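You will see chain A twice below: alongside chain B first, and alongside chain C after that.
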Partner chain A sequence: MAHEEFSIYQSYQEFLQSDPDMSMPVAAVQSLVEFIRQSQASTMSEFVVMVRDAAQVLKSSARNSVSLAAGCDLFMQAVTRMADANVEECRQNLINRGTKFVEKAASCRESIAELGEPFIRDDSTILVHSYSRVVMTLLLRAAAHNRRFRVYVTEARPINSGYRTAAQLRQAGIPCTVVLDCAVGYIMEEVDFVLVGAEGVVENGGLINQIGSYQISIVAKAARKPFYAVAESYKFVRLFPLNQFDLPTHTAQILSFDSPQSVASPSPSLSDTNSMELDGAALDLAKTNPEVDYTPPSFITLLFTDLGVLTPSGVSDELIKLYY
Partner chain B sequence: MSNSASSSPRLPSASNTPKPKAKAPKSEKPAKQAPKNAGPGKAAKVNNASKGGAASSSSTPAAKKISPLFAHLEEREYPATTAQAPSGVHPCVRSLGLQFAELKICGSTARCLAMLNAFKQVIEDYQTPSQTTLCRHLPTYLSIQISYLVSMRPMAVTMGNAIRFLKYHISILDIDLPESDAKGQLIEKIDEFIRDRITAADRLIVQYGLQKIQDGDVVLTYACSSIVKTLLIAAHQAGIQFRVIVIDSRPLLEGLKLLRDLATAGLACTYAYINSISSTMKEATKVFLGTHAVLANGALFSRAGTALVAMTAHRRNIPVIVFSEIYKFTERVQLDSVVMNELGDPHDLAAHKDGSPIDPAASLTNWKSVNNLNLLTLMYDVTPTEYLSMAITEVGMIPFTSVPVVLREYRL
Partner chain C sequence: MVKDVNFLVEDLVAKLKRRQITGSYTIALETAKLLRQIISVTRWSTAGALIDRIKQEGCRLVAAQPKDVVVANIVRRVLHIIREVYTENRDAVDEDDGTILAAAPVAPQALLQPQQPSFSIHSSMFPLLGDHADLPADYTRPVHNLKSEIIQEIQEYIEELENMYSNVSSQAMDHIHSNEVIMTCGYSKTVESFLKFAAKKRKFKVIVAECAPTFQGHQTALALTAAGIDTTVIPDASVFAMMARVNKVILGTSAILANGGLIALSGTQTMVEAAKHHSIPVIVCAGLFKLSPVFPFDEESLSTEVSPDSVLDFTKGHFISEVEVINPFSSYVDPSFIDLFITNLGGHPPSYLYRLLNENYDAEDTYLLKS
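What follows is the complex of A and B.
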């Protein structure tokens, strides 16, 4: 195999680290482009198999692969669409398209922010969960256009990414309060709408996101507050979970009952979480707790995407158009 | 059934309040408005009498034994015969019609396959009469076959879609094509339809379906769906450890067929009637259903009882997965199962297939001669889309909100 000296996962990690604004699907596409640039397949079928293997390696090496898989799937779709071209043409074409995709991806968030901005009215109170780059883009853009609003942001234990959100919002002069994850029910009546980002948007318009999103959506629905998700269209993923336990990220270790004697359990690597300071107890919890959850479409009011503001069922329409 | 039963006793009970009484029949039965000039009390009486009479005498007792709510549905003669078949009907279609009517061939896929195979024979034996062309005459000839089949049993949605496909391909045949070539082409098209829309589609659906069965699952299914059967056996052969609950209902007892095949293949099965559904559902982790048709509003048109199973599952938050090839999708929309349905054989409620009465006291034996007694068996019901989690089709796993998109993008 030609790619032995080239580690796709390492390249993926490098791309992620080189640009803090790069999201996982984009990094995945970029590393796959890098992979085919270096690959030396002579026949088309060999080429397709190599790319598929590389995508598989990439998917299986990350602990939380939902949004990474979205990028890989997009790329593989492009590969299979070109199956009757010759290798060199195909390689060149894919490199071009991949590069263009990465360039375009950067402007994705801006166009979403533009579409979402009218939803942020003066004097509104918004609940934001955890940290999401695309949500930040939207909020900062609204603030820059002199919208006056307040933001509650959840702490998002155990990675505590809510503090990062709060710090950035305060810097932009947006009034912001960090609330405990368990205080969501308490503050919901004060909130005008909820805004969350997404790791992946699944086939039925449901959402895979940072743990806690699902319960916020339930509280929002009970309080009859709109629940908006913000996601780039490259996060649409060909996945259709039936429930939480049907997620590809679910493993037997998650929330298993260990016997009181065996406290010390083998620890899966935490290197993928963009970790803030983890204290000892939180570290233990993070090992046995899920990182993401699934929000069914019935709890989502609208999705702000670069394809437009969509209802959850609109997402599946777009996915069908994209993949068939 | 309960609707109609409750509507007739309501009339006499309201007789001591004449005013609203006079109004009620007016709206219910516009045809009986003649005695309106008489006093309200009298009108009520006349109406009452004529209504009572209508139930028994407006039809000959043998023919119209059907509750008014379903009187618009077509009643069939039992036992079915091929006697009234028009002369142009091909012998293999004739026997097929009988098999349809007797439910020997039952299930939308089986019926569609049987019909297509019969049509292959019909086309092969067809000879264009002189002074006409194949693409002009063959459709009318086929129409005779089709209307005969429909007279034996209402057409399945799948059959309708297949016929549309076939007629389209007849219409685009080159008019100068020699007859044998044209026939060859059509038969090839039919084979293509069977391969692409059914055989290959089923293989894909099973592949997708396998992703949704895990170790420890308890899969509940209703009646007998061929694709669910294939999938469950495939999952068992793939070494997945799961259990199946087969829910069945009288009078068709189709679940027995499924049960026999699953048990033979070595699956752990539980068999129960639908009246125990509220307790059997507790054990289930997933519900797998087949369907007769998928309507454009995302509702299922499926074997009577499906709606109850789906509703019970929905109530317990158990995912309901429907397996359907997209040739079962139809642009029809139906909001309830009353407007369009199919009547089964009412005798099934009174007697077993061998003729022995179902209840020992034989109280239903002479049901036809009891004036105010109707028996009703419905073949289908409509399951609203809220009860359904996902459709697994050959184009992937889709939510039921996407049915119109699939209809648009994959026109047959």
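What follows is the complex of A and C.
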């Protein structure tokens, strides 16, 4: 049977690589569409079980599955809603809808940029964290409409994605500077507002995003600066984390204390700061450090989504509409 | 006929420009009545044409007093009513033979299936989960009886506006308790009626900041003492000192923005900051027509400054050329200082306002002047 040879995770990876602008939930939906295209279920219940298993495989194979899970859940919701149709009808319908969804997903960022654009005033200074496609769309659109603003970009260690943001912004003629993650407090008084993307937006309106977002939101709140999150509505996930350790990405290995005896290599001392050695240490650190963190809704001023500009409690409302 | 309408619009535009009508309530009522008039006397065949017409006249009114958000709110509300009436009637009646189509074949099926939530077509989830039959309305189909239905709905809205004060103040008993000390500032008709309503049954004290140099606070004090409420007028500088003995701050506003921020009399900001310091709840009373779907993109542009004559008399100071005198009238207040909004629909926290916005306005009307 064809579907047994079909690896959903591999297909997902291929979709992600083929289009650098594609975000994880969209790739997840596209690979699930590909999966049902190749599947040969004869009854509806078999079909549902197969799709559910495939979504499960997909979720468990990625290390950071928050955003991916959002896409899978959305697709599963579409499957359950069609559960009273016959298999062939349902399959065709899902393929159509899924394909349309993938086509429309790209234009969705444009509509967010349109909503968010008036928030970017002339002569404002914006702090951006890490790299986010939807934040980039917003900033580039504002620049294309002759808004003049400056951008501070955090370096976002250890993946250093801030440099990518900075390079793209400079190319568009937007003045920008990369700041160290630990310099956020230093520059906050210069900043008019903070703009971050999202891996996922959770049920209480909180945010799951690249590590460091939470601490930036705390600094912004202390300095009474607005903290805006930008997210497509397909990133809304059915999670209700109460703290960092509630996140699905948290594992026992993350930042655990090891016994003093078992420490094999001592941390590099200042005297022998050799760049090679530090890179190695950074790599080790990345393995034992979290990739994403959770920002509670009380730290978020507004969310720019394709459903409109929402307060965090607006997100809960939309999620209830989606899965009630 | 068309000439008549033009004349009426010109008249209101001139009044707005010259500030011959002030007070958001009067402006709201005048605008709503004018728009009702336009709908009834002009010729139009489809809802789409009517929407364009209202937008066009609405823009003229908004441009007359661009800082006043109320005019735009009423225009948006009327547009929303037109759309709603159109979509309701379009599905119910088929124009050719006048028979009811939708009711007979669909209803039994619809009853069996659980009601699916509708997603806006702007939503990214729409292609996957949305119902494709529910595409955006085109507003071009002629609909029977549309005009009378729209006018009836607008009439209801005008009545809602007229009952606004009593609807807000009837909630006063839930918020004002015996022997409480209430602080307010300036003059707001909504707050006045709110306090007077509570005074019918309860005894409480009111402290009013006078709000120099307009001294609107004196007006409030006069009105409240006439109703038998124990009222104290204080200078604006004493707001912080007096705040410690206050139980609640109840304020009026000239506009509520989409994020829950206010455009309110200057002096409001001082009062809410003091209230926050003492952890005293801040309640804002306002009719729903003051709620605007616009966000405070540029906070500085929202404040108004008026003639400085009342701060420093032109005739008195020989040093008038040496000093800069400013007289701020209203300014922006951040939503984080406000605990509760009381509108004619009930009490809402600032985070809930987006919901009221979605129920009362259409997203496509948010920027009237742009389109």
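Assume the second predicted complex is superposed on the first by the 303 of 324 C-alpha atoms of A that agree within 3 Å, B and C clash if a C-alpha of one lies under 4 Å from a C-alpha of the other, contacts with A are read in each partner's own complex, and residues count from 1 in each chain.
We take it that a residue touches a chain if its C-beta (ideal position, glycine included) is under 8 Å from a C-beta of that chain, and two chains touch if they have at least 3 such contacts.
Note that this is a predicted model, so its numbers are computed, not measured.
S.K.: Record, for the superposition on chain A, whether partners chain B and chain C clash or fit.
M.R.: The answer is fit.
S.K.: Between chain B and chain C, which makes contact with more of the residues in chain A?
M.R.: C
S.K.: Just chain B (first), just chain C (second), both, or neither: which does A:Glu203 touch?
M.R.: first
S.K.: Should A:Gly98 be classified as contacting the first partner (chain B), the second (chain C), both, or neither?
M.R.: A:Gly98 sits against chain C, while chain B stays out of touch.
S.K.: According to the stated criteria, A:Lys321 is in contact with first (chain B), second (chain C), both, or neither; which is it?
M.R.: Both partners, chain B and chain C.
S.K.: With both complexes overlaid on chain A, does A:Leu242 touch chain B (first), chain C (second), both or neither?
M.R.: The first partner, chain B, only.
S.K.: Does chain B (first) or chain C (second) touch A:His145, or do both, or does neither?
M.R.: neither
S.K.: Of the partners chain B and chain C, which touch A:Ser313 in the superposed model: first, second, both, neither?
M.R.: Once the two structures are laid over each other on A, A:Ser313 reaches both partners.
S.K.: Quick check on the superposed pair: does A:Arg170 touch chain B, chain C, both, or neither? Answer first, second, both or neither.
M.R.: The answer is neither, since A:Arg170 touches no partner chain.
S.K.: Could you tell me if A:Leu74 is touching chain B, chain C, both of them or neither one (first, second, both, neither)?
M.R.: In the superposed model, A:Leu74 contacts chain C only, not chain B.
S.K.: Quote the smallest CA-to-CA distance from chain B to chain C in the superposed model, rounded to whole Å.
M.R.: So the smallest C-alpha gap separating chain B from chain C comes to 5 Å.
S.K.: Would you please give the residues of chain A that touch chain B in one complex and also touch chain C in the other complex?
M.R.: In chain A, positions 312-313, 317, 321, 324 sit in both the chain B and chain C interfaces.
S.K.: Which of the residues in chain C come into contact with chain A in the complex?
M.R.: On the chain C side, the touching residues are 116-117, 119-120, 122-129, 258-260, 295, 297-298, 350-355, 358, 363.
S.K.: List the residues on chain B that touch chain A in their complex, please.
M.R.: Residue list for chain B touching chain A: 212, 286, 319, 321, 389-390, 395-399, 401-402, 405-406, 409-410.
S.K.: Sort out for me which residues of chain A touch chain C in the complex.
M.R.: Within the complex, chain A touches chain C at residues 29, 74-75, 77-78, 81, 97-98, 100-101, 103-105, 108, 111, 118-119, 121, 232-234, 301-302, 306-314, 317, 321-322, 324.
S.K.: List the residues on chain A that touch chain B in their complex, please.
M.R.: 203-205, 238, 240, 242-243, 246, 297, 312-313, 316-317, 320-321, 323-324
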